[in-house]
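Note that chain A is present in both complexes that follow, paired respectively with chain B and with chain C.
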Partner chain A sequence: MKNLKNSKIISFIMILVILVNFDAMAQLTGKQIVEKAYNRPVGKDQTALLTMTLTNSRGSQRVRKIKQFTKNAATVEKSIMFFQSPADVKNTSFMSWSYTNSKADDQWIYLPAIKKTKRISSDSKSDYFMGSDFTYDDLGDRKLNADTHKFLKSVTIDGKSCYVVESVSKDDEYIYSKTKTWIIKGSFIGYKKEFYDEDGDLLKILSIKKYEKISGIWVITHSEMKNVQKNHRTSMKLSSVKVNTGVSESSFTERMMMRGM
Partner chain B sequence: MKKINLWIFLLTLSIFAKAQTADITGFARNYTGALFENSQFSIIQNTFSLDVAKMGNKVAFNANPMLYQYWSDSLDLRMRELYLDLYFDNVDIRIGKQQVVWGKADGVFITDIVSPLDLTEFLLPDFDEIRVGITAVKLDYYLGNNTFEVIWAPNFTSVEIPQAGSIWYIQPDFPVTPVFDWSKSDITPSLENSEFFAKFTGMTSIVDFEIMAAYTWDDTPSMHVNKQFGMNPATQQPMLTGLTVAPEHHRLNIGGGSFSTEVKGVIIRGEVAYYNGKQFQTEDQLAVDALTEKDYLHYLLGADFSIKGLKMSAQFIQQSILDYDENMMNEEIENTMTFLARYDLLRETVHLELFSYIGLTNEDALIRPKISYDFDDSFSILLGANIFIGDDAGRFGQYKDNSMAYLKMKYSF
Partner chain C sequence: MEKLLNKLLEKPWVVIALVVLISAGFFYVMKENSRMETDLDKYMPAEHPAFVYSDQAEEWFGINDGIIIALENKKGIYNSETLDTLKQLTKKFQKMDEIEKVDVTSLYTADNIIGTEDGMDVKAFFKRVPSSEEKIKELQENVQNNEMVFGRLVSENETVTVVIAEIRDSIFTQDFYNKILETAAAFETEDIKIYVAGRPIVEGTMALLGPADMKKMVPIVLLVITVVLLIMLRSIKSTVFTMLVVFFSVLWAFGLMALVNIPVYAVSTMIPVMLIAIGVADGVHLYSHLQLYVAENPNADKKEATLDMIKNMWKPVVMTSVTTSVGFVSLLTSEVYPIKYFGIFTAFGVLAAMLFSLTLIPAGIMIFGLPKMKKAKNENNNSGLAYRFAALVVKKKNISIIASALIIVLAIVGMQKIWINSSFLEKFEKDSEIVLTDKFINQNFGGTTSLNLILDSENLDAFKNPDVLKLVDKMQNKVENDLEIVGNSFSLTDYVNRMNKVMNADKEEFNVIPDSRELVAQYLLLYEMSGDPENLNKVVDYDYQKLNVTFQIKSDNSKAINSVIGIVESFEDDFKKLGISVKYAGSGYKGLVFTDLILEGQIMSLILSLFIVIILLSFMFKNFKIGLIGAVPIVITAAIGFGVMGFLNIPLNTTTALLSSIAIGIGIDYAVHFIEQYRVNARLTGDRILTAQKTMAHSGRAIIFNAIVVIAGFSILLFSVFPPNRELGALVSLNMFTSLVGTLTIMLVLLFTTNLYFTKNKK
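Up next, the complex of A and B:
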């Protein structure tokens, strides 16, 4: 009888230990959540037409159209963009090789008017992309270890259960004092993001309007960045999205920058 | 009649382009400048540029006629480019009139010697309009991110210089009024007189580089000066009675290279060329035609960097004549700097820019501030100035009287 009692106690303790450990396993750290979001499957390559609409505080709009190709390998992500409109930047192309290690990105721009390919600095990630509300960092070039990440809470927005993670740059000079990201549990898609300026005030809100599964990969096809301080916004819509079509390595060369695809 | 032909040509090209569903872009622009000194207009120019392109998987073509109208009536139609592209697996071939740009320098031409310059308005035209297209066959062979390029130009194209009457024309400084003999200034197109260029380009994650060689003609003609002497009846001493100046192009052999790389967020650029066989003016009385042949080095080191959205670039350029002798009219070493600062405001609709050439040898400069505003994606207005300062003997200081303000309005389509 005593042995039976002891056996029950041991079993209870074991279950308790397993439950406690399971809870600890389920509770990811902020860094792990962001890492999963950064590393979620995006396919080996992607082709799309990007339409970027800039709307100012008076409601007037400017539209930029870009054809873009990306290819992901183990240590490097290569992307190339061809600007199709407006007319004065047509056929300008931009190529980036982004490395998974700490090496700085390599970036080039081809200017058709002067027929020149120029290496440009990747140190300007805080610059805004083509006058939009997105910085180069906002577009996804930011490295995981550039920030410290802290899990804040779990919430449900728009019926989606999300982790909320606060990220603070390790660089004191960075344009954002912090960001807060809502990451959907399971798919690890960044669903919403708030950007706070150097004074700690809310500056911009990124909202995902639409995401869809294409060839088995989740792709964000419509997002909007709103600058709440200046009341202007930028919408980004992807169309003609193709995933894993076997984009050639030779697409990411100076030859293609100059020739177009 | 000529004007009617021009419009017929442009109309035909447009109809053809539309019928072929070609890609049509271009711009219309007004450019008006006035001199600071007397507020006279230095330029009133209207430009219409049409870029027609049709691209296939194996073949493409491009035509870029540009029509310049000066003052009220003068028309100048130029075919900036007109070429065919043939695409193969690892080879591209371009045939026709084309502009070729080499090197890593900005606003300085060291290894960028394939397309000659249009200097009829000094260095003031936009850099996309300052080069003159050449008729050539260009072949590019690709191996990964490396390219081997060879160019054969059967028909030599000279630099375009200001004509007498232009505010950019500099009267040659001769003791007596010369007679110009232009009989040797042209080069007959032939295989023997062709120009050949070759370049190897590498693009890597560490550095981009180019290595080039050229067997070419000096784009700028050398002035062969022949002096005629007579007897001074008063002193019974020989005296200079006449000068014949015969512009003539000479062969040049050029080898060089360039590179650009990123170091801690700063783009470092360098470029060097060795020019063999350049004819320089000399005051040596024993020199034939007042010319002496020397080699020279031309090189540059530059840096591009950005501080809080302010994009800046600086370049140091040196031209050094080897085996220099004191009778030569050029300086043995000429140092120049360039400086560029650019800042974009209001979501890249307002652009501020300051570009300057600074002649360190003659202490002169060309300073070019400008501000532009994009009313929308197709229409922009630019207000700028070209300010020449410094020593009259300098390349920039000699145009002190030509300092000007200007306005450009451009509609792109």
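Up next, the complex of A and C:
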């Protein structure tokens, strides 16, 4: 990310190019499309109330309300989540530092029942996030070069004109053999994504239910991941979203986890 | 009736053509429509509350039977070769279409959650097969320190490790079974031996072995019966037609089954057994009568002889068949569908056999002539013997009475020892590969049989309550400590204990349920975040209202399963105080309930049919006392059958319980023929002793013929390689023998002493 400045300039130029010559868009390669989607501006920081609803095949639900703070710094994305409900886990907090290079994430958990912060380390990016249908990778930790991307076609779904890109994992031990992503032209928001398991069967479908422009940044405020094999789904809804309020990187500490932000 | 039969006698070819034509029709439907039902779940009454609940619980927690694939390396499993084989085997099973990927567990898939100085570490034990010595050493230590894995996925002596693949019952087919065995065998090397065990494998082997063995044995049984019949009846024609009666009745029974689209269940293989034993009897009685008639009237032509046979025999044949049928129809009271079907179609087969005996056999005689009588001299000897025997029985009647009373008392004592066993494994030879494999895995791991205990609470989040979890933990410990047969148990408590330990720097004293409800909830949240949340779904439901506790048991024997249930029940009151109900699930438990149901139904129908038989016989002979006397052979046969099983420690299971039906079928046959003959002779002679003697020479002879034929046939099964088939052979033979003895001794004595048929004449 040493060329952060350069890349910004490049993307600026590219946008100019696009504006000048619309046809050039069709010539974007799969990799370029995905890169644009990955590097879509998300703001420097974000504060939101996340309602995560897990629904199992029998229709039972687990609802968790979480207050979350994220900070996107140059080489690291830091976030803290404070559980609001259910009552028995209130004030439990979870912090993660996710690095843009291949270094493994650092994660901590604070358990109010014992008033202790513990470090948790996990070697797998394909772990599911808090028992949901999202893996850490699905939530945006996936690296561009981990897959080979191929532009398939342009289609229009729900009135939105999208690129369809197929991404095949370079690591054949990875949980997904391939993914198919529908990326909205212009905003480069991933609008829909299909995940295929190791045997090439459809495993999960991610769909974006709602996205809003907040402080000039596109924020996905309601998404749903459905595991079609287990008939299990997770909905994530954001409310009270604030972007670029100047959350300091130094707030992401163990002390803050205990105290609350 | 008699007129109709006589009329049919005029057109024997029409009779034969009709029977053959209908049989051909049935044969065609059978070929087109018959199918075996191999899914054992289909045998269970789906609407029974215990099964409904178990099925639900199986769905809630994904409870399935596991196939256990064990890898043994005598040099130890901690080397690249064995670990690589384990990985490849795991992946191979994960990729099978029939198996869900998440349902395959091994050291390769397991999470290792360990405590570190400043927190917690969740890792796979290995992803790439370790090759360096220190990495292998590290893996070994990790396994040893994790009791959720050590002793469960890797044996404590470190020479065996397992892959467990859970499958749904419904997808288990013969092909799949073969595929599993082949897949496993392909990974064997010089050092690595592979064993396959688990309930699906045992069920699969049984489904394969039982019928295969029957297929081999049945032709021999039929051959022996034919040969013995030939010796007894001394006529090829008679033998052929007697066997045709049996053959067509079996064909019609299975043909009708196919016609109304009912699949062939394992229990249905008992239908031919019943029809052979019962069907042979009609033929033997008819031909026996014919022989005696011809011996007494050497100049009679075939028509006269046949007319006489029909005149004298149609009544007892109809009576026995109708009564026997009604006895089998009483099985409709069973809650188990395959048993109901067994009852209906056996009843139909018995009636079909009656029809053939009364039409086909006379038609046969009309077309092919009377069976040749070879040695009349020998006959006289036989009658002499019968006369002397009858006289002896009547004279020393007290012996019969005392012996019968003694036997009944003894049988009742024996019956106390009877136990029900739903075990599949115990149906195999003790030194068979499947039993040895099971033993091997049981020695190294928790147990190949599982019992699922389902705790159900009305309150939300009940199983986050530390008091509840502590009680569950206490119960698990008590079961594990008190019962040697229980290898281990597993539930939510194991996760909570482990998390508590891990979060406290792996100190053993924290391997307990913490006191705070919040802490339990927070640990569980932490587990969901760091481990595989799917794992928790197998032990607790979404709302923490239902808990699944799995006990691994080293035997699928009913006594073993009941001993676990016994200890769990001692905690039932404590759970009730906390608002929690105790229920069970899983195939082991269903098997237990199922066997009980079969047994209950069998005893119910046995008692019911006994009453029906008494009533029917009373009506047929227009005398209630005769009804009671006629039931004596049935009672004796059933009592001795169960008594012997008790003394020989043969447990009741589906097959052995059903065998008591044969007591009814055979008992009625013998009793009715004997009584009818006795009645006729009494009227003819007016002399009690002579009546007894004549009846013995006539019916007694036929009964002995019948018994010898069937006993000889079924003794062949004693050489079967499949123990349940051996039991079947022994018990059928025993039942035939006791029916025979009971009829010819105590029943005769009772007929004799009650003076029936004579008082009337004297008046």
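Throughout what follows, the second predicted complex is superposed on the first by the 234 of 261 C-alpha atoms of A that agree within 3 Å, B and C clash if a C-alpha of one lies under 4 Å from a C-alpha of the other, contacts with A are read in each partner's own complex, and residues count from 1 in each chain.
Keep in mind that, in the parts below, contacts are C-beta pairs under 8 Å (C-beta built on N, C-alpha and C of every residue); 3 or more make two chains touch, one makes a residue touch a chain.
Keep in mind it's a predicted model, so treat the numbers as computed, not measured.
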>> Let's test your reading of the overlay: on chain A, do chain B and chain C clash or fit side by side?
In response: clash
> Just chain B (first), just chain C (second), both, or neither: which does A:Gly260 touch?
Replying inline: first
> Does chain B (first) or chain C (second) touch A:Asp158, or do both, or does neither?
Replying inline: neither
>> Once chain A of both complexes is superposed, is A:Met130 in touch with chain B (first), chain C (second), both, or neither?
In response: both
> Touching A:Phe94 in the superposition: chain B (first), chain C (second), both, neither?
Replying inline: second
>> Contact-wise, after the overlay, does A:Lys103 reach chain B, chain C, both or neither (first, second, both, neither)?
In response: first
> After lining up the shared chain so the two structures overlap, which partner does A:Arg58 touch, if you call chain B first and chain C second: first, second, both or neither?
Replying inline: second
>> In the overlaid three-chain picture, which partner chain does A:Asp199 touch, first (chain B) or second (chain C), both, or neither?
In response: second
>> Once chain A of both complexes is superposed, is A:Lys115 in touch with chain B (first), chain C (second), both, or neither?
In response: first
> What stretch of chain C clashes with chain B when the complexes are fitted on chain A: 109-117, 253-261, 343-351 or 433-441?
Replying inline: 109-117
> Looking at chain A, which of its residues have contacts with both chain B and chain C?
Replying inline: 54, 56, 62, 86, 88, 108, 113-114, 116, 118-124, 127-128, 130-131
>> Residue numbers of chain B touching chain A in their complex, please.
In response: 25, 27, 55, 85, 87, 92, 99-101, 104, 126-128, 140, 142, 144-145, 147, 201, 203, 205, 208, 260-262, 264-267, 304-306, 309, 344, 347-349, 376-378, 380, 412-413
>> So in the complex, the part of chain A that touches chain B is made up of which residues?
In response: 54, 56, 62-63, 85-88, 90, 97, 99, 103-104, 106, 108, 113-124, 127-128, 130-132, 232, 250, 253-255, 259-260
> What does chain C use to touch chain A in their complex?
Replying inline: 59-60, 95, 101, 116, 118-124, 127, 461, 464, 503, 514, 516-523, 525-526, 528-530, 532-533, 536-537, 541-543
> Can you name the residues of chain A that touch chain C in the complex?
Replying inline: 54, 56, 58, 60-62, 83, 86, 88-89, 92, 94, 108-109, 111-114, 116, 118-124, 127-131, 173, 197-199
